[in-house]
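One structure, pasted below without further comment.
Chain lettering (A, B, C and D) follows the sequence in which the chains are written, and residue indices restart at 1 in each chain.
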Amino acid sequence: MIYSPRILRNEINTPTVNSLYFKLDIPVEPGQFVMVWVPGKSEIPMSLSMIGEEKCLTVKKYGDTSNVLAATKPGERIFLRGPYGKGFTRVDGKILLVGGGSGMASLRPMFNENAHGLIAARSQDELLFKELFGSDKLTVATDDGTSGIKGNIVEGMKVLDLESFRMIYVCGPERMLKSIVDYVSDKKINMELSLERSMKCGIGLCDSCSVDGLQVCRDGPTFNLEEVKKMEEFGRTRLSESGKRVWFQ
Amino acid sequence: MIYSPRILRNEINTPTVNSLYFKLDIPVEPGQFVMVWVPGKSEIPMSLSMIGEEKCLTVKKYGDTSNVLAATKPGERIFLRGPYGKGFTRVDGKILLVGGGSGMASLRPMFNENAHGLIAARSQDELLFKELFGSDKLTVATDDGTSGIKGNIVEGMKVLDLESFRMIYVCGPERMLKSIVDYVSDKKINMELSLERSMKCGIGLCDSCSVDGLQVCRDGPTFNLEEVKKMEEFGRTRLSESGKRVWFQ
Amino acid sequence: MSKPDISTSAGSLQLSNPFLLASGILDENGYTMRRILDEGAAAVVTKSIGMEERSGYKPPIVSVDDPIVINAVGLPNPGILNVGNEIKIAKKSGKPVVGSIFGKDVNEFVHLAGKMEEYGTDAIELNLSCPHVKGFGSEIGGDSSLVKEIVENVKGSVKIPVWSKLSPNVTSLIDIARAASDSDAIVLINTVRGMKIDIHSGRPVLTNRLGGLSGPSIKPVGIRCVYEVKSSIDIPVIGVGGIESAADAIEYIMAGASAVQIGTALWKHGRGIFSKVSNELEEFMAAEGYTKIEDFRGLALT
Amino acid sequence: MSKPDISTSAGSLQLSNPFLLASGILDENGYTMRRILDEGAAAVVTKSIGMEERSGYKPPIVSVDDPIVINAVGLPNPGILNVGNEIKIAKKSGKPVVGSIFGKDVNEFVHLAGKMEEYGTDAIELNLSCPHVKGFGSEIGGDSSLVKEIVENVKGSVKIPVWSKLSPNVTSLIDIARAASDSDAIVLINTVRGMKIDIHSGRPVLTNRLGGLSGPSIKPVGIRCVYEVKSSIDIPVIGVGGIESAADAIEYIMAGASAVQIGTALWKHGRGIFSKVSNELEEFMAAEGYTKIEDFRGLALT
């Protein structure tokens, strides 16, 4: 069934990211996602960045569909189905939330007073949800060095005592995740990663999101580090829209 | 869905009536019925004469289908769907159970220590379930006078103080019910009647069981006296298998 | 805001709301039809009536596996000569009664339609989904030249509106709908051919073995059929198949239907479904700001 | 009692159990197919592959309204030249891989079948339900002479078994099945044409508007099709449509199917469905005293 709540507020988070707030009374686990339909455009997977009675989609304007979605005005409807997928495991104690791109959106429901944030972006004004974290609990990396560490997210990880966290939660594009997994491969840490593969059905039928025979939409999007390390396809190959095997550059 | 329990015991009640016992874990109200399918023959409505975890069908051998059904051996399967319809209303205090033909079958689950029975049959050996009642709580009428009052069920009613019962429950062929309703029409009593109209679907679609626009399979089979009194068709006309209007003789 | 107006019409037939009783469900007995009209249906369609009295198949005539309902009743009917009285009883409600008829050839259809008109029905519904005597195993409604002949001849012989009820069990619905386009309205759909086997007896459940699937399972097929026909032919369409709520009916109306019929849902919801869906429809229209059915009819076609 | 034997065969193809993965569901990526085989499917059928690379339709490609699933993926596929590697990966499981192909004419089908044989597939499944280029709006599988031509030519050009997958969206399935009777097996059914409209946007949900209904709603149609074909033609049949449990599969087998395919049920049950249904089947057979599939295959036909 398709839910069609009306937007209450549209908040501008960064020049490329907006958050759409709405009421919808369905249970959602942190890390789960919905398929959002923009009639006339397409249907795209989106994490829920708030999961209480009031819910939120945090939309980065990548292309055609996300641009229209991000422009939804208060009072207008959005159309979505779900929630789908497996959420993050909750733990007690110190946790680290690592988000690149729109990644912090799906991590936001995991935020609590024990959470430390590591946020990476191209530039200072694209750091999503950094205001959640007190300055003592925030690490920032920017490609252009306009804020925090100059460099990519792995540079940010290097300054942190990763083993001091009960769990590290990571969300971002697969290339970013790959470099993180390579970096931590010999470290004794607990990590869960939310994978972003392109999705057509969202319900485990179309095979477009699969990695090593696992469906990101159903077996994931969250996987623990050990599962990810075993994946032959992870960070190497994926199928394009047509089903043709292509390599990550 | 079709249940297919195996018969535990087949008990002979009268020369024309057998009871089939089986286990089936579905909730049933007294007065509700099931549609029993005899593959290769037909499918017929049957009340449940026991409604606990162990259930019972009490089958009078009228014709083709009921004959085969009544001959089911222990270990063999029966096939049924339901339960359907509206059961009897339960009341505290003295009650009267009035059964003709196979009628006492659907009344048996209402039996308790406050129940008085009025059973009518052609002849002594066809009195169904008379053993349920102590001799001080049983009134019998037979057409041939071999037991109890000689005459039909209304003759039996005449010897009872009908107004002393909190509720009178009646089940039997429509002609019998009609004569009862006519007899009690000016009496101040509470009565519920279970109607027996021919049924094809059992679920309120086919119109074969309807009386005055009410579906016996769904609005009934139990109706209270006031409802029945209002029915223009009751005891007068019904539709045959084809849908042709015929009169009760 | 004033209450939304849920009245509509199917061709020239005015209807107080869009919800009709479908043929074959609770419409054999005049008293039943009358009660259903009194309880809120805008009109009823009678059980399909043929030339001769027929008992139909022995039960089981339905297989019920929630939400799947399959039926093979075998067109029981009292014959056209015995049906006038039932229609008279039904008409006491003051609302329209549509006479459904089935025949094996053009002559039968014409004769039956004439009789129905005599009995005072407000429209004729041609059930073109009955078995085709010439085409073994298939239906009259699968033969476009026969459909055309039946529709044209019936139209030429009666004054009341003539509706054609088509089967979805065809390779090209559009061809059949074109053949029926002389009708005042097209009714879509009849049941989808299906079957149920009981695995504990190893037997087909229905006495007739094959049957017709109805209820929510076939709603997508009905919507598709209405949409397909409305996309290519300019003719009033009445939607039927799996309607249980106003939302279902609205889907049909957005696909282009002028009115809808309800059948199998009577099983779950009883006769009360007619007032339920009318209320739901008013609520939907009020919430969405629609004042009349025309405001959203065919919306999905554009 | 010893464990019941659930192995079977579809024509000459031996299968360790009756459960295959249906074409189009989780069978684009070699790794996925391999995993599904490892987790218990007896064989997989690949996504239907054509001559050229195609992206398919933009999402929404599925409409999900439990238990109703309608899809219009638009035959995305990497093109026959890019599929060999995926088949190689899948074949590492050691179990049969069936290559599904679609084309617009006989020549394409013959070419595609030859390539699939080269890649080492164990059988070919002809998807005869793709849109018919000549017959607007209908499917190749609705044209019996074209079906006959395709089947005969493909059969003449490859040595591996050839299966024909037919559409239920036809007036006379028997005519089409007869036309396909040179096949080693007939696969029944592909999806039933359907559609979903969202009433709050007033739009068809699927980008392609029309789609194919699958899942439990169409099981009665699949059972009817298998039963109809097995009643008149002596040919192995593989059943597909709405199977979610061994009970569903047993219904198909009692209607005469030699094996079955599972598609949409992967949505609710995940890949684990294959071991689930095999276990359920063994339990059923043990409880009913069947020792092998043949003991109850076609039981409902007698």
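We adopt the following convention: a residue touches a chain if its C-beta (ideal position, glycine included) is under 8 Å from a C-beta of that chain, and two chains touch if they have at least 3 such contacts.
Since we're looking at a predicted model, the values are computed, not measured.
J.: So if I look at the partners of chain A and the partners of chain D, which chains show up in both lists?
T.: none
J.: Taking each chain's centre as its mean C-alpha position, how far apart are chain B and chain C in Å?
T.: From the centre of chain B to the centre of chain C is 36 Å.
J.: Counting in whole Å, what is the centre-to-centre distance of chain A and chain C, each centre being its mean C-alpha position?
T.: 50
J.: Taking the mean of the CA coordinates per chain, how far is chain A from chain B in Å?
T.: Here chain A and chain B have centroids separated by 65 Å.
J.: Which positions in chain A are in touch with at least two other chains?
T.: none
J.: What residues in chain D touch two or more of the other chains?
T.: Within chain D, the residues that touch at least two other chains are 200, 203.
J.: Between the chains shown, work out who touches whom and classify the graph as line, ring, star, complete or other.
T.: Its topology is that of a line.
J.: All pairs of touching chains, please: list them by chain label.
T.: Once each pair is checked, the touching ones are A-D, B-C, C-D.
J.: Across the complex, what residues on chain D touch chain A?
T.: 25-29, 31-36, 47, 53-56, 58-62, 64-66, 69, 71, 73, 76-79, 82, 85-86, 198, 200-201, 203, 205, 207, 263-264, 266-267, 270
J.: Which chain D residues qualify as touching chain C in the complex?
T.: Counting only chain D, the residues touching chain C are 67-68, 70, 135, 137-138, 142, 169-172, 174, 192-197, 199-200, 202-204, 209-210, 213, 216-221, 223-224, 227-228, 247, 250-251, 254-255, 284, 288, 296, 299-300.
J.: Per the contact definition, I'd like the list of chain B residues that touch chain C in the complex.
T.: So the residues of chain B touching chain C come out as 1-2, 4, 35, 37, 39-44, 77, 79, 81, 199-208, 210-215, 218-219, 232-233, 239-245.
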